[in-house]
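Structures given as C-alpha cells follow.
Consider the two complexes below, in which chain A is the common component and chain B and chain C are the respective partners.
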Partner chain A sequence: MKTFTKLALASALSLGLAAPAFAEGLFAPNLTYRTGPFASTGIPLMDGQKDYMTLLNERDGGIGGVMINFEECETGYSTEKGVECYERTKADAIVTQPWSTGITLQVLPKTNTDMIPILAPGYGFSPMANGKVFQWAFNPPVSYWDGASMIMQYLSGGDMGSLSGKKVVLLHLDHPFGKEPIPVLEAMAEAYGFELKLVPVGLKEMQNQSAQWLQIRRERPDYVVMWGWGAMNASAIAEAVKTKFPMENFVGVWWAGHDADLKQVGADGKGYKSISWSMPQPDSPLMADVKKYVIDAGKSTVEDPNSVFYQRGLVISMFLAEAISVAQAEFGVAEINAEQLRWGLENLNITDERLAELGMTGMVPPFSTSCSNHTGHSGAWMLEWDGEKFVKASDLLMPDAEFIAPLEEANSLEYAEANAPWPMNEACN
Partner chain B sequence: MLYRTAGQFKTSYRADQALFPIKQDAFLLGVILICAWVVFPLTASEFTFQTILTPILIYSLAALGLNILTGFAGQLSLGTGAFMGVGAYACYKMITLMPWMNPVIAILLSGVFSAGVGVMFGIPSLRIKGFYLAIATLAAQFFLVWLFEKWAWLYNYNASGAIQVPNLDMFGLYVAGPQASSMTQYYVVLFIVTLLTYLCINLTRGNLGRTWKATRDMDIAAELIGINLMKSKLTAFAVSSYVVGVAGALFVFMWRGAAEPNLFDIPLSFRVLFIAIIGGLGSIMGNYLGAILIVGLPVVLNTVPSALGIHVESALLEHLNIMIVGSLIIFFLIIEPHGLNQLWRLIREKLTIWPFPH
Partner chain C sequence: MEILNKIFVAPFADMIAAPDFLMQVLWEGLVSGVLYALIALGFVLIFRSSRIFNFAQGIMVVFAALTLVGLHEMGVPAWIAVALTLAVMFGLAVSIERIVLRPLVGQPDIILFMATIGITLFLIGFGEIIFGGENKLMITSELGIPTGDFVLEPFGGLLILQHIDITAVLVAAALVVSLLVFLNKTRMGRAIRALGDDHQAALSVGISLQTIWVLVWFIAGIIALVTGIAWGSRAGVSFALEVIAYKALPVLMLGGLESITGAIIGGLMIGMLEKMFEIYWGAPLLGGNTESWFAYVLALVVLLFRPQGLFGEKIIERV
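Let's look at the complex of A and B:
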C-alpha cells in the first residue's frame, strides 16, 4: 500500500498545488532560460528585462499605481518546460513571453483559445506581423524577415541590383529559429540574382563547426550571413578568425551580437557586424536611474550593464510597460486584463519624444503598431565590432516592406488554413 | 492483514492462472482505474492535465514499448526516440494526406509504420547481441533524426521544418490541435494506453511472451528447445516499435501539438530508457511508476515552494529540482537495483504475511 499511498499523495499534492502563487499587482511572467546551453546569452537579456520592471516598481511604484509582478519561470530553452511554464502561469497572466521560437510555435495556436497576448520582441514566427491572422501575437519592433532584408540592403550598399552574381552563405542553426529567414532570402536571391548557399549547423555541432567552415572556404562566398544563437555564435566567430575569413564580410542577426562572444577574439574580430534594433546608451538618463535604483541598491544580478544584450532586455520590458500604460489610459483602469493589454500592444506608439521622456533616446528606433501590423517594422542599425565594443556602423536601415508584406500575407494565410478553423480578426483591414 | 491471501482457494487451473489471482490486487487495480477514468478528470485542472496526467501516460506507454524489447526479449535498444518520431511523422502524413481519417485510427495505424522500421533495424539483432546491438540501434537513432530534418516531404515543405498538428475532430468534438480541450485529449490517451497495456499484459503472459523470455535468459538454450530465434527477436522488435510508435503519435498529436526533428533526438531515447530501468525491466507496472518518478515528480516539486509561500528564484529552483530528482533516482536504485516494480513486489510480499512474519 505504501507505494499507492505515495501515489495518491503525489496526485493530491499536484491537484491541490496546481494553482500558481498569486502575488499582488499585474502578473507578467517571463519564461526565462538562465540554465542550459543558451544560458550565456539568455542571462543578460533576462537581467535587463527584470531590472527595468524593478526600476518602475522602485522609482514610480509600478505602472499607473499598480506594481508589476514580474515573475520568472525557468525553461532552460526546452520546449517541454516552456509549455509547462505557460500552463502554470496562464491563469493569471496578462502576457506570455515565450523566449524561444520553438515555444512560440507551440504556444501560438493556444493563445487564440486562452486569449493571452504573446510578446516575442525580435523573434518568433515572422508572419506574426499580420495582426489580422495572428490576433494575439506581437513581435515588435522588427521580424526576422525584416532583418534579412536589412542585412542584404546593407551588404548591397543600398542598390540591391549590385548583388547580382554575388555568392552569399547563410550559416544557420538547424532549428525553427535558424530556418526563419530562408524563405525571404530565397525570394531575394531569385529577384536580385545572387546565389544563396545554405550551411546548416545542427544543434549537436554548435561547438564544432570545422566542417561548416571548411565548406565555406571551399565555396569562397562574398558574404556570410549568420542566424546563430547561444554557443553557436562564439564557435562561428572563433572559426572565422581561425580560417581567416574577412570579418567585414561576416554579418550576424541581432542575437549574434553578444559582447562576450566577440571579447574572446578581441581585435581579431574587428569588422564583424551584427544588425541590431537596439543600441546601448551607457550615458542615457535611464541608465543613470537603473544604476541608482536597481544596481546600487543591490537588486540586480547584472555583470555588464553596458552590453548590447542587457540594454536590449531593458528595451523589451519598455515595450511591455508602454503597452500596459497605453491600455490603462484607454480603459481607465489600473488593473488591466489580458484582453486590454492586447489592445495596448496593438496601439504602441514609440516616438522620439516618448523615448526622450523615458530617457531612452537612441536605444531603439521609433515605431508604432496597429491592428494589422503587429511588428511595427522600426528598422535597425548595423553595429560593428571595433575590437573592444560594438559601435554604430550605419544610419537607420529600413526593411523593404513592399518585398516582405506579400510574403507575410501569404504565409500567415497558409498557417491559418493549415490550422482551420482559425479565427480571423475581421475588425482589421 | 490488508493483503491476507488466506482463504482464497483456487479450484481450477484457469482460476489459478487468472490475471489477478489475489483479490486485493484486482481491487487495487480497480481503484486505480476509477481514479484514472473518473476521479482525476473531475478534479484536475488544465495545468494538471497538460503537465502531469497526459505526459505520464504517454511516457509510460513509450517505456512499456521499450520494456517489451529490452526487458522481456533482452534486446538492448537506444533508438526509442527515433521510433517515436516515425510514429509521429507517419501520423502527421496520414492526417494531412487523408484529412477525413479518424484521428484515433490514424494514431493506431501509425504504429504499423514504426513497427516496419523497427523490424528493419532489428535485423542486425540476429547476429549481434548486448552492447553491440545497442550501437546498431543508435545508428537508427541518428539516421532517422537526420531523415526527419532532411526529407522535406515529411513535414510538408514547411519553412520552419516543424510539424504542426491541425485541428482534428471526431464526431463533432475536437480531439487534437489547439481547439481540443485537455480533458478530451486525456481521455483519448487514456483509452489507447489502457487498451495497449491490456494487450501487452496478455502478450507477455502468453506463448509469445514466454518465447521472448526464453530468448532473453539464454538464447542457445531457447534455440535448443525449439524456439525460432529469428521469429522471436523480430516479433519483439515489431511489437515494441508498434507500441513506441503509437506513443510517439500520441506524444505529438495529443500533447505537444507541434514538433521539430531534434525533439526525437537521443535525450528522448535516454529518458524513456531511464523510465524503463527505474521502473523495472521486465515489468508492466514499473513503467508507470518510473514515469511518475521521472516525468511527474519534477513538475510537482516545482510547485512546492510557491505552495508553501517561500519565494525561490526560478533558475535556482530548476537546479534544486535536477539535484533532488537525480538523488532520488540513485536512492531508489541503491535500495532496489531491480527497479520500483520489484520494490512494490517486496512490499506486497511483506504485507501478505504481516503482522506475523513467519
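Let's look at the complex of A and C:
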C-alpha cells in the first residue's frame, strides 16, 4: 500500500504538481525537491511541512475556517526549475517557499514587483533579516550568519578569544548555500585571530570527497565546520569516520543534522554535532495529533516521524500557519492576500505560551519578528549524535547580534545599491 | 616568484616531506580510478558492439544498487538479492533491446545516443517512483564485505587502507580479468569483438545482433551493479551517484571509446592524477574543487595530440 502511495505521489510529481488547486482556500505553494541529489534532505522536511498543513485542514478545517491548499511544485533543487515553479504559481499564491538559497536569490528581486512574501526558514540570504531593505523576504528563526556565530561560540566555549591561533576548516558545498557563511566567518577569523581554511565540495563531487578529506588531514584543523546539504552530508560524515577525524570537533549547520545520514555510520559517528533551531519532541501533543489525524489516517508518506528533519518541517509550516492566523486577526478576513500575509510574517510572536497552546513546547525557541527584523534571531541548540540518535548537547545558544547586525546592514545596503532602483521600506525604523 | 615556487617547488617538497601522505593520496586516487575504469568499461563494451554511446550507464549504476538495497529491505537475503538484481538487470537489457534499440536499427548514431538519454530519464523517474529519493545504506556487511581498516605506518607516518576499498580494487580487477577472458576465449566473447570490428561481416557469418546487444547490455548491468556496491559502500546509495558516472566521459576521451585497455588505464590515470593535482596544486593555488574539471582538461590536452584517445583506433575515412 505504501509503495502504491509512493507510486501515486511520484506520478503526480512527475507531472509537475502534486495536487490540483482547490477551487477555494489559501494557496500556499511549496517549491519542493523530493527528487534529485538533494532529495534525501528534502523528503523528510517536505513531509513535515505538508503533514502540518494536512493536520490543520483535517483537524481544524484549515486556518480561520479556510482550507490551506499546500500544493507542491517539484524543482529537484534546480534553480532554473525553481524560478519556473515560482512563475507558474505566483498568480494565486499568498507566499512562495523557494527551498534553496539559489532559487531565493533569483526570485528575491521579483517579489518586490509581484508583491509575494518569500518564506525561507533557516535558509536564503542572511541579510534578508533587514526588513527595511528586504520588505518581502523572511528567514525566521535564525539566519546562516546566526548559525555560524553560534557554532563558533560553542566551539570557543563562550570565550571567542580562546579561538586565537586555532585552525578552522569550512567544508562547504560549492554553491550559493554553501558559500553563505563565508563573509561572517572571515570577519570572525580576523576579529578573533583564528585561521579559516575553505574546502569546497563541488556538486559533482558530493559522493566522492576523498580529496577534501585528504586536504583536511594535511591541514590538521582544530575544528571542521560543515555547510552541507543533501548527499554531501552522508559522504562527509563517512569520510570523517574513515580518516579518523575526531568527531567531537566536527560540527554541521542545521541541514547537516539528518538522522539518516548518521545512521549510516552508527556508533562511529558518536560525538558529531549539528546546530539546530528545532528539536524533536516525539511525546508532544502536536505529534499525538499528527499521528491521529495524518499518519494513522494514511495521509502521510513519512518514514520516521521522530526524526529531526520531519519535525523541523512541522515547525516550518507552523511559522506560516501562525503568520496566516495573525494576519486574519489583524485584517478581519479569513481569505487574506499576499500583502496581508506579509504583515503577518512581520508580526510573528512565537512565545513559550503560544508554543504550549500549539502542543509544540520545546520544538523551537521562542522568537518574534518585526518590520526591521525579518529573522527573529531565536537562537539554537547544539545537538549531538550519541551513536543512535541526536540528543541536546547545549542550552540555548544565541547569535552575537552586535557582531552580525552591522554586517547585515552593510551587506543588505550593498545588495540594494547593486540592484538599484531597489524599493526600501522607509516606514521601518 | 612565489607562484613559480608553488607550482614547481612546494608540491614536490611536500611529497618528499610526507611520503606517507603521498602514498595515501595515490591510494585514494587508485581506488577512485578503479571505479571510474569500471564505469568506463560499461560504456566501451556497448560502444564496441553497437556503436551506441550509452548515456544511461551512470543511472544503471544507481538503478542496480537501489534494486539490490530495495530487495534486501523487502526481506530478501543479501546474496539472493544480488541474484535477483542481476535478473532485473537482464530483464532491463532485454527490454532495452526489444523496445528501444531494435526499432532503431539502421538509424544514425545520434538517434541511438538520444535514445539512451531517453532511457536515462526514464530510469531516473521510474527509480524515484519505486525507491524514493532518500539516501540508502548499502548492505555492505550483509554481503560479507569487510568494513574495518589496516593502519600502516610507512616512513613513521600514517597510511589507512579501508577494507572496503581493498575489496573494491580486488573485485574490480577480478571482473576485468573475467571480462577479458570472456571476450577473448569464449564464442560469445569473440562474437562481441567481431561485431565491434566489422558489423556487416559479423552479421554475414550469422552472429545475432539482438543476442549480442542483450548480452553487452547485461554485462554493462553487471558492471553497474559491482560499481554501485563499491561506491554505495563508501557513501550510501542515492541518485547523486549518477553524476559520478560522468567522470567516465573524460576517461573515455583519454583512453579511447573502443579500447578496454584504454578504459582501464585511462580510469586509473584520471583517478590518480586528479587527486594529486587537487591536493598539491589545486587546493593551494586555486582554492580547491579542481576535480570537477581537471579530468576534462587532461582529456582535452590528450585529444589535441591524439584525437582517437591514447588507445583508440585511428579513424581513416577516404573520400
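Worth a mention:
The rule is simple: the second predicted complex is superposed on the first by the 407 of 429 C-alpha atoms of A that agree within 3 Å, B and C clash if a C-alpha of one lies under 4 Å from a C-alpha of the other, contacts with A are read in each partner's own complex, and residues count from 1 in each chain.
As a working rule, a contact is a pair of C-beta atoms (placed from the backbone, for glycine too) under 8 Å apart; a residue touches a chain by one contact, two chains touch by 3 or more.
All of these numbers come straight from a predicted model, not from anything done at the bench.
By the touch criterion defined above, A:35 reaches both chain B and chain C.
In the superposition on chain A, A:203 contacts both chain B and chain C. By the document's definition of touching, both partners, chain B and chain C, reach A:174.
When the shared chain is aligned, no partner comes close enough to touch A:267: not chain B, not chain C. Within the superposed three-chain model, A:74 lies in touch with chain B and out of touch with chain C [touch as defined at top].
When the two complexes are superposed on chain A, the residues of chain A that touch both chain B and chain C are 3, 7, 10-11, 14, 34-35, 174, 202-204. In the complex of the two chains, the chain B residues touching chain A come out as 2-3, 28, 32, 35, 40, 43-48, 50-52, 149, 159-162, 164, 166-167, 177-179, 256-258, 260, 262-263, 265, 289, 292, 296-297, 299-300, 302-304, 306-307, 309, 313-315, 317-319, 340, 343-344, 347, 351. Against chain C, the residues of chain A that register as touching in their complex are 3, 6-7, 10-11, 14, 34-40, 42-44, 174, 198-212, 214-215, 217-218, 230-231, 234-235, 238-239, 242-244, 260-261, 263-264, 303. By the touch criterion stated above, chain A contacts chain B in their complex at residues 1-4, 7, 10-11, 13-21, 32, 34-35, 71-74, 76, 79-80, 83-84, 87-88, 91, 101-102, 105-106, 109-110, 112-113, 125, 174-176, 179-180, 182-183, 202-204, 411, 418-421. Residues 18, 21, 24-25, 28, 31-32, 124-125, 128-130, 132-135, 137, 149, 160, 162, 231, 234-236, 238-241, 243-244, 246-247, 274-275, 278-279, 283, 287-289, 291-292 of chain C are the ones touching chain A in the complex.
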